[in-house]
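Here subunit A shows up in two complexes: once beside subunit B, once beside subunit C.
Our next item is the complex of A and B:
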């Protein structure tokens, strides 16, 4: 019994840490509607800066209390200043871009910060000092419990209280709340939005930095902190309800406690628990625990042209020429370019399938890799357990992925915006953990090996033509679907749900089928990818692959039909080339993405198109 | 620490080919320079450099040191060694793509590398499919040489099974009967726990396993995990966590007194990679496998340590020895094979013997399963000054901790 009480305290301490990060994220999202992927990087920078300041710096000379607590506060403020700087220099320029486009910019920052941190602090994990006055442990119910954890338990509610005061007792806070509710109206009343936005980034980043700095006596500082924390923070924010501080607090408590007790009962559940919780909460309460359905105008996104017009003749000729080259050139290429081209073909289809639900469907997905992976594992499992040949695997893959799409989609398409995107992420993580943990069936982390193409397609050239033919046909099918009545209905429900319903379109059904169709196409891409590599691993349905697809679509431009094709080739090509040139390829890739975002806010294809027509 | 140590002209050529000419034309340019003859022998090395920089930086340093030494001594029958490094960022599917690139565009004679088990397995399967030699340096999974073993794959490091067996030998001498386990939640952690249980039960039928914890890799909730272990009231703990998880686990365990009066057996924790970041938190008296770098004095190892320190202004780590040894093994193989024909290299690699930088004598790549007999050091941890070190250690020769040939034949696909 005493054990359980102490375990509850452990849960509270974790909850406090989670809340600190999540509160900054939710404040930033509430006002700016920016999904700040770089929030975890700010958290990590807070921890690294605090480590440096406690050990070196002018404060260290003061010794004792000052050197520690002063360093923590200074680190938090420095990160806050950095956040404000990022807002002024980068994000401010792209507020007008389509929804989620800012995500690209923040992701570029993640890449840049990873390499900068590696460069500045080196690869080794850092252990911070213990906190003065709070070393050691106290006896609670006969068990030793660290004093610092007790302190952390108190920090969460205190920060919540301070934020409440800020939001309810200061003019700045009241304006922030007003902007959270209706940004346009606040602007119309003459409030200087730029100051407000910079202020909110400072606040959010400071909270992230503080969260990171306070981990110093508790956890090692590592280069992997950013990704580990950002996903959990997103979950907390979404479970609590976007923009809701009390909601984030409640969600952090829920997840902290569930985790602490979950591992007592199911020690192996650690990987998926938070995602299971998020899925259940979102299915029962589509806007999180304390969130409200968004009211007022959606964020400053531009409405797409009603029907994508035919390609300008010059562009069409260029596209046909490129296709002719793809058919005619390969016999003269070496093995490696053929492998690359086959990879690119699968990426193009993968991106195009995500684009189908994101662009025409209006449903962003953070977990599209689930269907890529469902196709790959569908084929691989048939091979492993029934020795199925490649032909059968390729045939079965779209069905496996489509079924997964039908199942997960039924839940996801009921929600909208970031909620729906996060639910797709939750399902993708659940699928990933099944592949990762069900070792008897999927081989777990070690994957399924020996999945090579049939004899006739084993040559690089034959396999490339197979990939080109299948992916090309599938991409054409997706485009055909967009122009068909089905695609029109899909766009209708995106642009105006009410009117679409009024003319007899079953919006839910259309979205659901659109989701499943996109999933099936992603599955085909996944299976081809798997045969190209000869093996399948859980990483094919990991978060980073979902993010890749999202970046490809955003980079190309969401509202153009050629966007995913251009985006996929640009992103995959850049990554491949940069990784061969330097160890610091993440930094370069991040800088390139950032430049593209700033110069082509409508995406690459959008820019090409605009340049090509009068 | 220098992290950018590829052979400079390879880098420059890549840059030119990659940026000026573009992806498609690049291989044609390189092919013109790749042919056999008296030119350098090229090795393709793939590893997760950006994903695991702390472990692979020293590894690459050890690799380059060995390569420089071999080339300074005249290379392989007059031909220098040259390595093309690639970063797979921890993704096995990228590793496979890079393997094709290295073989077909860079014309490497053989592949090497791998840190993560799944990357090793993916490369091993690629090697079997494409009939290319693959010398796996770091991956620990048993499957690499046993259940998924193949003719073209060889592995240097002592595997999960071997490391667990070394710890069991010591653990069986303890009075403790009630064991709890904590391991990262993936294949390595799970098979380490499985072997430890099986092998300990065989030696000590009275041993009892009272509970297990499987924190997610890199994301341990250390406070809750420590409390959950405390709740099982074990007499001893078997730990498989490493890296960041180990740091957080140890700090919480120290604060909460989890290790007071309990024995702990811990995989790999004696390696400088894991022991040094712990600093003053280093626990006392854990039974660990590792590498007592500063106290290991013999002519071969001392020379290696000093050469490494001189070259990089930092002491070597366990990874440095692995990087150094795999190059030595490859060089020995190339000398014996007398060329870069894959079948000749495979034949030469089977049973090849070479000197390890540990200075503990010759190591052999067994013909039966292509596993090397490189061992590890087993000892106890102790805090001295501000960092931990290994004491009371001895070298556990890998050959003594491998299952019988008959057993191996049963596990390994034949033919």
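Our next item is the complex of A and C:
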């Protein structure tokens, strides 16, 4: 019983932290319609800045109370100022851009902040001081409970109250609410939108920074905080309803308590539990607990161009020449380039499979790695538990991934836009959690080792040719499918669901099958990748791999046929080259992505097709 | 003879407002029936119930005697009902020909092919349909660049792809110039007569209605207040009162 009480209090404390981050995210989304991936990075910066300010700087000289609480507030405000700066310099330029490009830009910021933090604070974890006045513990029901946790529990409702006052009692807040409901109308009434948007980013970033800074006495500051917290914040915001503050509070409580009690009841599947709750909420209430269906103009989406009739002869010749080189050159290459080329082949297929549902299907997936991983684990599990050879593994992988696609897709394709993207993310995290926590079957973090190709394909050259042949065939199938009736039907339901239904097309079924087909193709890529590496780890279905695929497709251009190929090679090549020349490759990659988003919004392949003019 | 379409006591309320309040009528095979009424009379709600987009609170919809109440639009389409929309809905990223081809592929239940290019399917049939609506010369254009009147024609061609017995046309001439309206409705009437297709349409342009409709139904406040031959409806004092504002038509 006492245990339960303490767990409940723990849950409330984490709920407060979650709410701080999620409230900023949801406020920013409400007004700007931007899903800010970099919000977790702002949280992390808040923690790092607070660590520096409490230890160094003029505030530290004041000692005691001031040095801690002053540092926390200053860190939050500094992060707020940074958020405003980012809005003015980067985000302001992409408000009119398609949703996914905005996401790409904010993800570039994640990469940049990662390396800036690495450069400024180094790779070691930082441990903060304990909070003055709130050291030690109090007795509750005969159990000792840390004072600082109690303080955190109070912070959540206090911030919610302050935000309520801001939104209902100040002119700025009322304008923000108005803009959340109808941006165009607020603009039409002559309100200076620029100030409003910069203001909201300042507010949201301050909340993220405060959330991060307040973590200082609770946990170590690390370079992994950003991704961990952004995924949780996404869950909270989506469960609560995008743009709804009370919803975010409610959802933070739900998720916080779920974590706390989940550890008692189902210690092995806490992570699965959280994402499962999110999936259930989104299926029952597609716009979150307190969210409402978006009204007004739908978010800008890329104007879909008709399919290009045929490749221009010059491009066709270049593609054939490249293919010929890929077949003729490898015997003269060393091991390392062969490994790289085989990897590239799997990335191209992975990107092409995601492109299939994103471009023609019009459905953004933030969790495509789940299917890459389902293929890889499908093959690896057959090997581990049944000693299946590579041939069988490669054959089974697309089916394993396709089944996962059918199962998850049934939920994901009912929603659209940001909500469906978040649901795909949730399912990918569920898959990741299973791989990570179900140690008896998957080996957990230690992965499954010794997954080598069969004898005949073990040489680097032979394995490259195998990868090229299988990935090439699968990419060809995907391209044929785009021009075939199925691809056309997929495009039809994307262009106009109303018209598709009115001519007898079952849009849900087509989307669902398209999702599963793309998943199966990703599964083949995943299995090849696993055999190439000789092992499988949970990271094959981690969020960063999903983001890799997304970046490849977006870089290449969603509405181009060659986009995924060009994008995969450009992205993987860039990553590889940058990692070779500098430790700060994320920073450079982030800057390159940002430049691409700002200057080539139609992707690389789109730019090449139009003679390089942006 | 079994009517092509029968509405029996259709009711739909939004909150407290009864948008459609007990509407019953029948449509004979090959007949052109106009449904008119002031804005907010419940025409579109009525249409969307017939088409399956909205489930009625009460009442039944029968197609050639068969109860189709509550079936989704795609199932109703498969029973031979073509539909055009008040605001055109077409596949903007495809050519005119591919739009029609899509409807033909769906009619033939050949949507799942992964290998053979769609461009090799039903080209002649799609061109024939485009010829019927006078769009053959625009077959290769992307439909995102079409003039509004041409989009309406394209919708008609798509609606004809499943050899329908019934066309449901919600304001088929909305947004078009007067001369073009007459031309489009004349074409529609010719196509419908040639194929023995019944047509139910809503329309604001009285010239169009009285020139082309065999029969006119007048909806006001969710109820049918008059119906009959165009001349009779035109002369009906109640219609003049609520709809024509008392002045001469």
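Quick notes
Methods note: the second predicted complex is superposed on the first by the 600 of 614 C-alpha atoms of A that agree within 3 Å, B and C clash if a C-alpha of one lies under 4 Å from a C-alpha of the other, contacts with A are read in each partner's own complex, and residues count from 1 in each chain.
Convention: a residue touches a chain if its C-beta (ideal position, glycine included) is under 8 Å from a C-beta of that chain, and two chains touch if they have at least 3 such contacts.
Every value quoted in this text rests on a predicted model; they were computed, and no experiment measured them.
Judged by the touch definition given at the top, the superposed model places A:216 against neither subunit B nor subunit C. Of the two partner chains placed by superposition, only subunit B is touched by A:446; subunit C is not.
In the superposition on chain A, contact of A:103 is made with neither subunit B nor subunit C. Of the two partner chains placed around the shared chain by superposition, subunit C is the only one that A:505 touches, whereas subunit B remains out of contact. For subunit A, the partner with contacts to more residues, out of subunit B and subunit C, is B.
Once chain A of one complex is fitted onto chain A of the other, the partner contacts of A:496 are limited to subunit C, with no touch recorded for subunit B. In the superposition on chain A, A:78 makes contact with neither subunit B nor subunit C. When both complexes are overlaid on chain A, the residue A:474 reaches neither subunit B nor subunit C. In the superposition on chain A, A:351 makes contact with neither subunit B nor subunit C. In the superposed pair of complexes, A:552 makes contact with neither subunit B nor subunit C. By the touch criterion given at the top, residues 1, 3-4, 11, 14-15, 18-19, 23-24, 27-28, 31, 49-50, 53-54, 57, 86-87, 89-93, 96-97, 100-101, 103-105, 117-118, 121-122, 124-126, 129, 141, 143, 148, 185-188, 190, 211-216, 218-219, 221-225, 227-228, 230-231, 243-244, 247-248, 251-252, 255-257, 276-279, 281 of subunit B touch subunit A in their complex. Those residues of subunit C whose C-beta lies close enough to touch subunit A in the complex are 51, 72-74, 77-78, 83, 85, 89-95, 98, 101-103, 105-107, 110-119, 121, 142, 144, 158, 161-162.
Listing the residues of subunit A that touch subunit B in their complex gives 3, 6-7, 10-11, 13-14, 118, 122-127, 136-137, 143-146, 149, 218-220, 222-224, 228, 259-260, 263-264, 267-268, 270-271, 329, 333-337, 339-340, 343, 436-437, 439, 444-447, 449-450, 452, 529, 533-535, 537, 539-540, 544, 573, 576-577, 579-583, 585-586.
Residues of subunit A that touch subunit C in their complex: 303-307, 477, 480-481, 483-489, 491-492, 494-496, 498-506, 510, 513, 517.
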